[in-house]
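Read through the structure below, which is laid out as structure tokens, and then see the notes.
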Amino acid sequence: MLRYFTKRLIFLIPVLLGVSIVIFAIVHLAPGDPAEVMLGPSATQEDIGKLREQLGLTKPLYVQYWIFLTNALKGDLGRSIKSNAPVLEEILERFPATLTLASLGMLFAITVGLPLGVLAALKQNTWVDALCSFFALVGFSIPNFWVGLMLMLLLSITIPILPSSGFDSWKNLIMPTIVLGIQTMAVIARMTRSSMLEVIRQDYVRTARAKGISDRLVLTRHILTNVMIPVVTIAGIYFGHSLGGVVITETIFSIPGLGRLIVDAIRAQDYPVVQGGVLFFALCVGIVNLLVDLLYAVLDPRIKAQYRSAK
Amino acid sequence: MTMSEKTVPASSGSGGALREKRRSPWWEVWRRLRRNKAAVAGMTVVILLLFVAVFAPLIAPYDPNQTNIKIRLQPPSAEHLMGTDNFGRDMFSRVIYGSRISLYVGFIAVGIGAVFGGILGAVGGYYGGRLDNFIMRCMDVLLAIPQIILAIAIVGALGTSLLNLMIAVGISQLPRYARVVRASTLTVRGQEFVEAAKAIGASDTRIILENILPNCMAPIIVQSTLGVAQAILAAATLSFLGLGIQPPTAEWGSMLSSGRQFLRNAPYLTFFPGVAISIVVLALNIFGDGLRDSLDPKLRQ
Amino acid sequence: MKVFRPVLCALLLVAAMSVPAFAAEIRLAQVADISSLDPHKVSDIYSANVIRQIYSNLVQVNENMEIVPDLAESWENPDDLTWIFHLRKGITFHNGEPFTAKDVKYSIERIRNPETASPGATHLKEVQSVEAPDDYTVKIVTKRPFAPMLMSLTRYETSILNEKAVSASGADYGSKAAVGTGPFKFVEWSRGDKVTLEKNPEYFRGPAVLDRVIYRGIPEDATRLIELESGGVDLIPGNFPYQEFANIEKNDKYLTYKVPAMSTLYMGLNTEVKPFGDKLVRQAMNYAVDKQAIVDAVYFGFAAPSRGPLSPVIWGFDPTRTAVYPYDPVKAKELLKQAGYADGFDMTIYSDNRTERRSAAELIQAYLAEVGIRANIELMEWSALLSTSAKGIGGAFMLGWTGTGDADGGMTPVYHSANIGSSNRFRYKSEGIDALLDKGTATLDQDARKKVYAEVQELITEECPLVFMISQELLGASSKKVQGFKLYPNMISPLYTVTLSE
Amino acid sequence: MKDTLLEIKDLNVIYKTYEGTVAAVNGVDFALDRGKTLGLVGESGAGKTTTALSIMGLVPSPPGIIQRGRVTFAGQDLLTLPEKDMKKIRGNRISMIFQDPMTSLNPVLSVGLQISEALVAHQNLSEAEAERKAAEMLEKVQIPGARYREYPHEFSGGMRQRVVIAMALACNPRLIIADEPTTALDVTIQAQVLELMRSLKEEFATAMIMITHDLGVVGEVCDDVAVMYAGRIVEMGSLDQIFGNAMHPYTLGLFRCIPDIEEESSTIHPIEGLMPEPLDLPKGCPFHPRCPQCMEVCRQVVPEACEDNGHRVLCHLFGGGERRA
């Protein structure tokens, strides 16, 4: 099993390499360059030229990429052009906020989405189902930045009970968590419902019922364990999504996270930060996928057996 | 409702199914779709929106770009159903016109994603081997970058424009079409009629276009319908972040974005465009769900 | 205080928050977090504001933008090229090092060293040499007579650093350490969020009243305001949302601050692009736009139509000037006709997405349409706008200029043909303007200099390689307990004199 | 009175679906004595499984509705029993073996747990006791008790069906309903499983309803036989009566379907046509479109049952009263 995961980790390398190429190309395609941004509107062409040279921006692109890559392999993602701080340090400084948000968002999504989906499936084709399903569909359809603004309007302006920005206390986390989690919540609710309906019809559930064990046991032991497998998959995918979604949340609620760092860096053409940040994101997505696979093995002995036999 | 399938013989293999066979499969899909009330409602809203978008000049009471700062920031009233923005433009007219951009962006972006993703998926699935492997690895790379960030970077690189916005959203959706089409291609590839076409010496391109793609249509259509909804959301998100839409174009995301600074005193500037986005996306999602269930009764719940 | 990880931590924080806050702590909200506290490496106003609290300069400006002593007690010009500064004695840096003339020499040379890549190097490009004859005397020699010297030395980019402190932190200087001689010491910077300062008890004018200063970056206008209302911040030192200012002025729970800003907003024209080479066309466009409408719709009244290329608070502004090019669409059409564009023409306005610039562009578009000029708006990222416009953009562009506070800094970079390719984005060459600007730079007699600048202002207005718009007001607000705060026109306001009442 | 364990009277079950109402079980009557085995025979869709689920109180609802009828088990009417009490019967006194051993075991739970949970639920055993008992049950079905902690995917099809049997027998039920227990298995395995079931049935002295479409299986294990068609029992009687003297044309048809191993030609004579669409039952006798002996009356009138010495037939060929459809 360890072997399987080592193999998976190794497979991550070409993907990360690809990501680094893609993002490097995109970043360098953009008009303007960091030298101009750094020196501001009053800089002379000469100053800009000098700085450009100093930043190594005059070298051919492939050379620049090679330098970036070899340094990255050594764990050195360079220094931010804007703040001159080591990129890795900036990322690690911002990452906890993003991770906290993404995790809380996921927690919210699961604690609300799962029961919603279960309820809808148990009451299939009743008004309860219709309500839950509609609610999930709405959650899936409303733009989360709008949810953020409306929440802010309601809870910070009309009834001012929650702070609208910052990252100092648990109160700061409530609205961002909802905004970040709402879409995932909807997806999980929908997935849970359809997965429940599928599982409920399985013969083994009927078998379990035929044993005369309590409904709760049938639900928790026989149904939910099986429902969780696809739900975990989708939650894993959406965790990656949330990591991207933090961009919006962090912007609206002025939270110093990784998403905003990268977006600001894209706008300021802070190449090293963009490259490092996106690479870091990709790594996170890869690791989350791996964790999901690991979770499968815990949930499903068949998959565990597959991992074991995999060379 | 298919709970009974295990205990009651459904129409499969019985006389009923034989009767239906005479009709085209699309008619059958339509028949099933028609019976799904939610899907019909979703479809109605989508059609209504298309109608609104096409006839925007006739429906909108004012020119959406007509500024008149004397009447700026007026709350909703009989004259201005959704109020006026900071330049005195009629919000209702702008929301009406905004449907054009949103639907346009949604459909084109999905078109870009579906066409290119579809080609990549079909080629990968059909030829298999290293080419397939390479294509799918590339898709993995795209999937590894969070969609929004990828789109922001692309718009940042290509420059802010409606077209670039659509390209960015399209590219970030590419992998899912590639995957869907590839999966269908793999199942179709081995079937007899493909072998037959090969035997009579049809070119690969022709086989892909004439034999394989038509058989992948159902999943592509479902994926696209849901994809349009997501593309509209993604585009609104990007223009909310100030990427993609050139002023004074009335677009819901950018209207929301510029209304945001008036959140305290003129919340209707953010409220209505948000409602508009939600309704379109909701309708498309409901319709897409219904379509999926109709196209694939096995998935029906 | 960083609370990131678990929710548990958040609970602890609730407990922590009930503990009374620091004795005299002030929290300020700016639009963005700082980018660095190394004055020689930043070019953004938000970092500048914090830098101003930590560092000192040889000379400084007061709230009227007049030059006053800072680290230098006095100065003299033995000749047109030489500046001699006599330094205060007994000042120490926050790291305990004594302040001497060597620090001044080090700082100026560091700014001028190309390896530093200092955005502020441009302010000192006329410097030939800098000497420290003794510990408390600095001698700067310029290449040519350079009148704006003192103004350049007030800039945050020319703050005085301590060599030991800089070399001790190496590349981390500005992010993990920042050592100056100012009234507040750097404590910590939580990147992307806030920076914390505390009182420097050794400050040479005596310790400040405030114990602790926190600057936060809150990009959203509405959010910044909500934070003020909810008590999350005490002071918004500038960048107060225009649309909310009238309301808060009426509200007696808050103090408001309003001063004319040094900056202007205009629509630049690349005169190499047809038909902007034609002065008549440019003048027509100037007449076509109702600047008051922009004042009202974009700035909600907190701005004034431009009175020429300079903002009225810049040194050298000719106070006899009145608003230029009053709104006159008839005249505009007439001029267009004269220029051969009776049917108008197509053009593109480039802007970034900053609310004021984008909104102004939208209004200008509407006004130009009325005289038959069909304008498209194209938004680009700020960085792309700066870079493309420097190289020659394909039309008009929305930009503003702040300058140094001196007429030279307000006009030479923008209008002098030597700066085509960089900050002269109109790519406009007028020998008359060049000559006058050169003369202004070299005239050390301030009264004579003012006369030269009055002439340039009129000439530029006449030539108008741009569509004049407005010069805005700076707006700020604070809770009632903040006392003694003065908003400076350059938006860099010292907190030394601020006190908090209960 | 005989020692009746289970009696079903006039059971009617319908499914309300999107497409219409399906009469899945249409007036089924039968009785089963203690320790006896009843074979319930018919094509798929005849209503056998629904009948079984009605006894278990597991008719999926929606869409299923038990319209009418009585299911009396050991003197209790199961249909009116509250769910709480029904749970005490299910898996305890009546248990069921489902058709496909591949799908009737929960893939993510160990087989031991799946056996022991019934014991925990019904016999108040502690987890440890239940575990020991479950391992014992595994041994009874010839699976080493040590494999208690293994998962279904680690067992072959035949072994899984034995696990299912162990599960069904765990609480020593009075009645086992086996729904095509061997259909999904290989022929060789079928025989083993059948043999196991028979011996265990003897050992536990359990009554059994054996649902199957395979008359061969019926011949081996059953005491009585009921033949179902389109929701009705069209013929019922003792094993001898049915095998020796089948009367209903459908039953006769079924017998013709069995490949005769002794005959060289081994021709199969399937019944022509298909079961009618349950939504759309033909007028009169539902079998008439396929019946080789169809008469005019069959097209119009639903036949009534006629009985002779416990041998019951539902066909116009054999007299009985008439009823307008």
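Note that the chains are named A, B, C and D in the order they appear, and that numbering of residues resets to 1 at the start of each chain.
Quick note on the criterion: contacts are C-beta pairs under 8 Å (C-beta built on N, C-alpha and C of every residue); 3 or more make two chains touch, one makes a residue touch a chain.
Note that the structure is a prediction, hence the values are computed from the model and not measured.
A.B. asks: Of the pairs B-C and A-C, which shows more C-beta pairs in contact?
C.D. replies: Counting C-beta pairs in contact for B-C and A-C gives the edge to A-C.
A.B. asks: Which chain lies the greatest distance away from chain B when centres are computed from Cα atoms alone?
C.D. replies: If we average the C-alpha coordinates per chain, D ends up farthest from chain B.
A.B. asks: Of the chains shown, whose Cα mean is nearest the mean of all protein Cα atoms?
C.D. replies: Central chain: A.
A.B. asks: Please tell me the distance, in whole Å, between the geometric centres of chain B and chain C computed from their C-alpha atoms.
C.D. replies: 45
A.B. asks: Would you mind pulling out the distance in Å between where the CA atoms of chain A average out and where those of chain C do?
C.D. replies: 38
A.B. asks: Quick one: report the Å distance separating chain B from chain D, using the average Cα coordinate of each chain.
C.D. replies: So the centre of chain B lies 50 Å away from the centre of chain D.
A.B. asks: Between chain A and chain D, what's the gap in Å when you average each chain's C-alpha atoms?
C.D. replies: 52
A.B. asks: Would you mind listing the residues of chain B that make contact with two or more other chains?
C.D. replies: 1, 3, 6, 156, 159, 260, 263-264
A.B. asks: Residues of chain C touching 2+ other chains?
C.D. replies: Only 220, 222, 226, 380-381, 384 qualify.
A.B. asks: What residues in chain D touch two or more of the other chains?
C.D. replies: Residue numbers touching two or more other chains: 62.
A.B. asks: For the complex, which residues does chain B have touching chain A?
C.D. replies: Of all residues in chain B, those touching chain A are 1, 3, 6, 137-138, 140-149, 152-154, 156-159, 229, 233, 236-237, 240-241, 253, 256, 260, 263-264, 267, 270-271, 274, 277-278, 281-282, 285-286, 289, 301.
A.B. asks: Per the contact definition, I'd like the list of chain B residues that touch chain C in the complex.
C.D. replies: Residue list for chain B touching chain C: 65-67, 69, 72-73, 86-88, 156, 159-161, 242-243, 245-248, 258, 260-265.
A.B. asks: What residues on chain A touch chain D, complex-wise?
C.D. replies: Interface residues on the chain A side: 124-125, 202-214, 217, 221-222, 225-226, 229, 299-302, 305.
A.B. asks: For a test of understanding, state which residues of chain D touch chain A in their complex under the given definition.
C.D. replies: Touch list, chain D to chain A: 56, 58, 62, 86-92, 95-96, 98-100, 103-110, 114, 117-118, 120-122, 151, 153-154, 164, 167.
A.B. asks: For chain A, which residues are in contact with chain C within the complex?
C.D. replies: 30-34, 36-45, 47-48, 50-51, 54-55, 79, 82-86, 90, 93-94, 96-97, 99-100, 104, 152, 156-157, 160, 163-170, 173, 251-254, 256-257, 260-261, 267-269
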